[in-house]
Structure formats: structure tokens, C-alpha cells
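Every chain is named by a letter (A, B, C, D, E and F) in the order it is written, and numbering of its residues begins at 1.
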Amino acid sequence: MKNTAICAGSFDPPTLGHFNIIERGLKIFDTIIVGLGINLAKQPILTVAERLDLLKQILKNHKNVEVVSFDGLLTAFARAKNCRILLRGIRNMSDYEYESQMALANKALYPELETVFMMTEGQYSHLSSTFIREIIASGGSCAGMIHPLVEKMLVRKLRK
Amino acid sequence: MKNTAICAGSFDPPTLGHFNIIERGLKIFDTIIVGLGINLAKQPILTVAERLDLLKQILKNHKNVEVVSFDGLLTAFARAKNCRILLRGIRNMSDYEYESQMALANKALYPELETVFMMTEGQYSHLSSTFIREIIASGGSCAGMIHPLVEKMLVRKLRK
Amino acid sequence: MKNTAICAGSFDPPTLGHFNIIERGLKIFDTIIVGLGINLAKQPILTVAERLDLLKQILKNHKNVEVVSFDGLLTAFARAKNCRILLRGIRNMSDYEYESQMALANKALYPELETVFMMTEGQYSHLSSTFIREIIASGGSCAGMIHPLVEKMLVRKLRK
Amino acid sequence: MKNTAICAGSFDPPTLGHFNIIERGLKIFDTIIVGLGINLAKQPILTVAERLDLLKQILKNHKNVEVVSFDGLLTAFARAKNCRILLRGIRNMSDYEYESQMALANKALYPELETVFMMTEGQYSHLSSTFIREIIASGGSCAGMIHPLVEKMLVRKLRK
Amino acid sequence: MKNTAICAGSFDPPTLGHFNIIERGLKIFDTIIVGLGINLAKQPILTVAERLDLLKQILKNHKNVEVVSFDGLLTAFARAKNCRILLRGIRNMSDYEYESQMALANKALYPELETVFMMTEGQYSHLSSTFIREIIASGGSCAGMIHPLVEKMLVRKLRK
Amino acid sequence: MKNTAICAGSFDPPTLGHFNIIERGLKIFDTIIVGLGINLAKQPILTVAERLDLLKQILKNHKNVEVVSFDGLLTAFARAKNCRILLRGIRNMSDYEYESQMALANKALYPELETVFMMTEGQYSHLSSTFIREIIASGGSCAGMIHPLVEKMLVRKLRK
């Protein structure tokens, strides 16, 4: 499946930066599989079901996007999907460093796998899920950072 | 042309790192246009004709690779080729910083253009055209760094 | 208040690097508000009252320094203080990357806010609160890293 | 002169990024001295007179901005102006590294001098004088990158 | 002891990257003391006894390597061993930044101490103990990343 | 020669940072060969003879230091000296990136060669030969940056 790429993350919550990469990725790839990685070690704010639901609703107009969760290694997920391309967004140099190490590590586990990168656009480059959770918890507004559906759900979760 | 990407450079000389990116790029894209940028400001070691000839010979078995030179802005070349994807290799953090700035600058000039990046594989990450020219000029061997045809031509040029 | 800047942190403990930035900041600004951010998520070594007390004692000779704690977002604190300038010290490239993202994020929440940076001077550039806590806990001396009053209080807390 | 800062550069040409830093700097400082450094080693595109003229015209509505050229060391210029604050814009990590070294070096030459930094805003972070000269020389448009007066003069110089 | 260096770490688990640095370090130093730092704050996967046992077994053919654990500060351990040289491997820029700060901090605590660095070789530069634990826990293979004895023990610990 | 390292550079001029690395290197190595690389491409300020003379005079009290010039590749010089260790000082992250690439490149040319790094101490980390030449040419003083003998010779050369 040459024209299919996986775009994986924990999306807790998904930001407009994530959707920007997915939408620009659709200019390169025919199909994008949005893979929600279930990391049992971290305690998430949103449940897996909530995150899947948000991703599916917000991306519902993109016919060529599949939203699915996975646990275990990303390389195992990519093999199971018979997909040999990972798409990653890079916001800054720390991301670059982490991602370049992960690309090497993933290639060691799955040699056919190629990782391609796109730079997060300027207006999204300062967004992080941690920062957004903090703003919402403190009563601030995240307009321009997250989709209104995401904000609504986060407010319900973090300000109860 | 969704599945065509431009891979541009001055290729003075082309290194095995360049060919590695082009070959791995063919796992992502159906066609790659190798664009040799003619930079009138820099005094090259190899002429444009010599570099085109080397690129064509070494890539001759890849039917989906087109080798062509251009002068002026890369974005003008991409428009003329009706191509909206640039493929760039990144060796290290300095490359990342430069490339992320160029991606923004090119997008300002040609908003439909997307730049995608691949990390240069470890064994090629220390290669630079400058370093290779210096080794050849000093009488050293560049086996494992450049194609034998490139080495042969560089030796002829730099050790006369 | 053009000539007032906020210098915020968790100061757990304050280091000589913090005081160096505050004192050099007084060459630029008429007044500096030292804002002790109360982060409920982190378990501090020193209580808020202890840290406020230390900051006030050590800075008591600077008439133009106000020491005050705040909870919630730094941008909300700045708005409440009617202050449009944040002063931040940068020790190294990781600090730079984090701070440049925070400056963008804070500007998104409070567009009139400007963040200005000063480089931590060489002899303080390796100081971190984490490292200092570790030295004290292991029985080492932090002379030249923290104020004697801070060291005294940390020893009492960490070696009981 | 506590509330005066020097913003120095070669401004060959000045970009909108430069003016953005100067205008945001006026939120911090009462007066900004724009110092055009004459570097005899580099061959400029625009003459000193042309650059001074452009800076003065574009900044003419800011009463608290003084535009002046200097040769020799920036620290000597700052001493002559009796000014103890340098204001610098930082676009990215390479700028940060260079600037943090220069801040140390300048402090070694003029110990009372403090350098303060502001981050270049996102839309200007990819601008460089080199890149702009290249676009103009290749016949491209630099709208959104440089002031129309600057573009007009560059076109006259670079496309004759 | 001019020709003795300490190579310290938590080794939870040791990777082939660690052994590569130790072995290359033996080309520089006559003796290397492998110091296993006991960090009471972190909850390790392998016990101190297990890690000591693995290090000793894998390094048993190197007569000039001493494996020993220590708690408290690394500088206190170096003083106790009468050793004035630390040997550190650097995988990437984040490592560099952290290590350069630690070198300064350690020198403040023990002025005679010098830290020397070697670059981790390419094939090991993506290895991290965290990543390896994750692969093993997910059922993957770490061949080429860790010694078979380490893998065997990790599998027993992480897949029970 | 396990205890001999080469410390190479163009030393145009040598700075106190260079001597700091050489002197600290003598705590690690029995002998240090200071190799002055003759780069025909660059137009130096000081002649090879002048630089050799300065290095020899300033280092004359160190019996275990040999000062010698070489042309061609550093790896060829190391082979000729039968030396398998390079010692390099790193001032900052740009140096790190450049040096880590050179270490890999040199190892490709001479596989037995190991490069070890020491961090330049804080008070020397902002020194560069370029900056020093500029200060001297502008009539400034470089006390604390270069040896008085070096300053005397530079003044004679740059202010005639």
C-alpha cells in the first residue's frame, strides 16, 4: 500500500496541529490511518472511546481517513495494517531529535518502514496537549488551538 | 501530480546519501524529479553537464526518475513542473533548522507546496560534498561515500 | 506599566541564577514582580510560605521588587497585575526551546504580552533546582549555587 | 539611560522581521537607537546611505526611534551612546546560539552592557536578508517579507 | 590515577551502546570503573544485584574493567575512588546539552574532575533503556540492541 | 601510543580556550601533539611560521607537548604520527554538531581513530578566532581572551 501512511499519537487531546498534519498529509497520500496508541503506562484525561469519537467526528468528511486504536508497538500496528509509511509532524528541534531517534528505532524493528516528516505550521507550533490541558483546567479558552468539540469535552472533564 | 516529488540540490558532487534519499523516496512517490539547481553565485567543481551526466548514469535503472537542471528559484521550477511536493533529506540538526526555514519560505512563495522530509540513514549522515572534495583533493579514498563514477570524475578534476 | 516586568517561577528552591536574572533585570525595568507560581500538580520540597519568605528576605534590599504568589495561568496573573512584560532567564538551548514555545503560547492567550529574555551568566548556567535538591540530600554543599538562607532551609528539610 | 536600547544590524536589506522587533521593543523601551553597523569586510547590496534612508523613511512615524550608522565594535558604539542595553531578535536556534555567544563576548568588552532578546514572531521567523536578495534577483515577489520601499530599491539594484 | 576513568550510569538495562563506549574507552584508558549509580528515587526494572551481575558477566573478559555500585553523588564516588576522569557517551544533542551541564556541575563540586566524551556510534545512537523496556514488554525482539543475557533477564521480568 | 592525543586546529590566532583544552588534556594524556593544519584555501592572518612560533613559546614549559604543522587530511597526519586519539574542545552546540560529524567522517577514513571531547570552560566558551581578529582590528583589547604574545603579534599585523 504505497499511498497509505499511518499518523499515530495518543491524541489526549487532539489539537488543531494534529488535524493540520493529517489534512496536509492527504495532499501526499491517498489514505491516512490515524492510529490512536493506547499507552497503559500513562493516565489519560480522555478515555480511548472519547478520543476515538472526537477524531472520527472531526475527520468524518475525509473519506480517505481511517481512525483506529492500537496497543503495543507502533511497528506491530504498521505490520498488521500492511503499511510501510509513518507520517509525523515536527514542531521544533526537540521533536526533531526525538522523532529522528524513533525513526531509527522503528526501522530497526521493521526495516521496510519509512518515516516521513512534515513541519507543523507556525500558528500550531507552540501547541502541546499538556499546555492545553493546563489552560482548560485553569478556566482559559483554547479557541484557535483545539476544535470546539474537543474544548467542550475537555471542559466537562477538567472543570467538574 | 499527487505522486510526484522534486528532490533538488546542487549535487557537486552527488553523494551516496543523495541516492539513498532518492531510492527511499521511490517507496513513497511514484515519480521523483531530481532537480539540479544551477547556482550562479557558487563556483562548482563539476560542470552542470558533468553533474547531469553522473546523475543520469547512476540513476538510469530507475524508470520513474527524471533528472533535469533548473536555474532561478526552486519554487518557480516546482510550478513549471506542476509539482506540489518537495522531498528533502535531513542529516542533522543544522540541516533541520535550515530546511524548516526553507520550507516556510518556499510555502510563502508557493502556498500549495508541501515539503516532506526523510532522515538520512546513519552511515550517510556525516557525508557532505565539501568534506568529500577535501578528501579527494588530499589523495584519500571516498569508497562508501560516493559512487565509483563520481569518484573517478572528481579525481580527474581535483588531482590534475 | 511599561517599566514593570514579571519574573515568574516555582523557585523550589530559588537559586543564585534566579537572583542574578532579577538583579540584572532591574537594570532594564523600574519594577520587577517576582511571581511564585503555585503548581498543585507538583509536590514541592519547600512550602509556598517558606519560598515566599526566602524570596522576600533575600530580596529585601531591593525596594522595587514585589514578591507574590499566584495560582492558575501566568497570563491571568499578568492581566491581574496589569503587566505586559515577562522577563525570563535562559540557561541553555533546551530552555530556549521551551521558553520560545511558552512565549508564543502566552501571546495567544494574552496578545499584548511581550516576553523578553536574558541569558543566565556562565557561572549559573548549570544550576537547576533538581540538581541542588540532589546535592543537599546527598550531604554535599551548594555554596556558590544558592543563598545561605536557602541552603539552611533545604538542609533542614532534606536531611531530617 | 535606563530606557534606551540599541537595536543593531547590517540591514542589507531591512526585513519586516527587523521592524517587528523594533516596534515590539518600543513597548519595553522609551527610545530605540537603530544602529546600522558598517562592516567593511562584507560587500553590501545597498549602500550605507541607501539603508539609512530606507530605515529613516519607514520608521519616520516613531518619534522615539533614532537611526544612525556606526563602524567598529558594537560595544564601542554603545559606550559612545552611553547606552547599556542591546535588544536582539531571535528567529531560531542558530540565532540563539550565535547571539548567546555574542552577548557573552560583548559583556567581556563592556561589563555594564546587558543584552535582552525577543523571539521573532512566527510569520517572520523564516526571513533572512540572503533569502530575500535571492528571491528579488530571481524575479520573485517579497510582499509580506519586506516593506514596499525596500522591495522597490532592491529591484532597481538587483535586476538592472 | 591518570589512566583510570569512571563510566557511570543506572544501566536499567545496559545496552550495546553502553558496552561500545566502555570498549572504545579502553583504547584511551588503562582501567575503566563501571559505576552503577543507585538512584533511590526511580523504581528500576532490574534490581541492583541483577544489573551488577549482568555487567560483570558481559564484561568478564576485560581484565581492566571494575564493576561496582554506588549511592549518593557521582562526585563523591569519584573522590572515594581517587579518580579524576569521567567518561561519558553522547548519543545526540539532548545528551550533549544535559552532559555539558552535568560536567560543569560536577566540576563545581570536585574541581579536579575532568569529563571526557565520546560519540555513540551510529548503530547505537537510537538506543534508550526506556525504548528497550517498551519493546520487550510489547513482545518484540531487541537483538542488536542489548546483549542476549540482558534480553533473557528482561523478558523474564517484563513478560511474567 | 595509547597515551598520546592530537589536538589539531588552524590556530589563527590561538586563544586561551585552545590552551585551556591542551592543559586539561594533559591531565588525561601523557603527551599531546598540537597539530597546526595548513589550509591552503583560507587566507590566514598569521603565517604558519608565526603561529608555530607562538604555540611553541606559549607551551614551552610543557615538556610533553609537541607543536608541529601538517597539510592534507588530519587522518593522514594521525596515521603518520601513529596516533589513534584526537582531542577536541567543544564550546557549544554548533561545535558539537560539526565535531560529531567530523568524528564519524574521520573514523570512516581511519577506523582505529577515536575522538574524545572536552567541554570548553565557561569563561572561554564565547571566544572565536574571528571575533578576536575583529576586536583587534577595531582597536579593542583582548585581555583574558588571548595570550599577551598573541595580542602583540595580532596588533602588529592588523593595525598597520
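We take it that a contact is a pair of C-beta atoms (placed from the backbone, for glycine too) under 8 Å apart; a residue touches a chain by one contact, two chains touch by 3 or more.
For clarity, every value in this text was computed on a predicted model and none was experimentally measured.
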Starting at chain A, how many touching-chain steps does it take at least to reach chain F?
2
Starting at chain B, what is the smallest number of hops through touching chains needed to reach chain E?
1
Do chain A and chain E, two copies of one chain sequence, contact each other through the same residue numbers, with over half in common, or through different ones?
different
Counting in whole Å, what is the centre-to-centre distance of chain D and chain E, each centre being its mean C-alpha position?
47
Starting from the mean Cα coordinates of chain C and chain D, work out the distance between those two points in Å.
31
If a residue has to touch 2 or more other chains to count, which residues of chain A qualify?
93-94, 97, 100, 104, 122, 125
Pairs of chains satisfying the touch condition
A-B, A-C, A-D, A-E, B-D, B-E, B-F, C-D, C-E, C-F, D-F, E-F
Chain E residues within the chain F interface of the complex
2-3, 24, 27-28, 30, 84-85, 90, 93, 96-97, 100, 103-104, 114-119, 122
Show me the residue ranges of chain A that touch chain C in the complex, using the header's touch definition.
91-94, 125-128, 131, 134-135, 138-141, 144-145
If you look only at chain F, which of its residues touch chain C in the complex?
93, 122-123, 125
Please name which positions on chain C make contact with chain A in the complex.
72-73, 75-76, 93-94, 97, 100-102, 104-105, 108-109
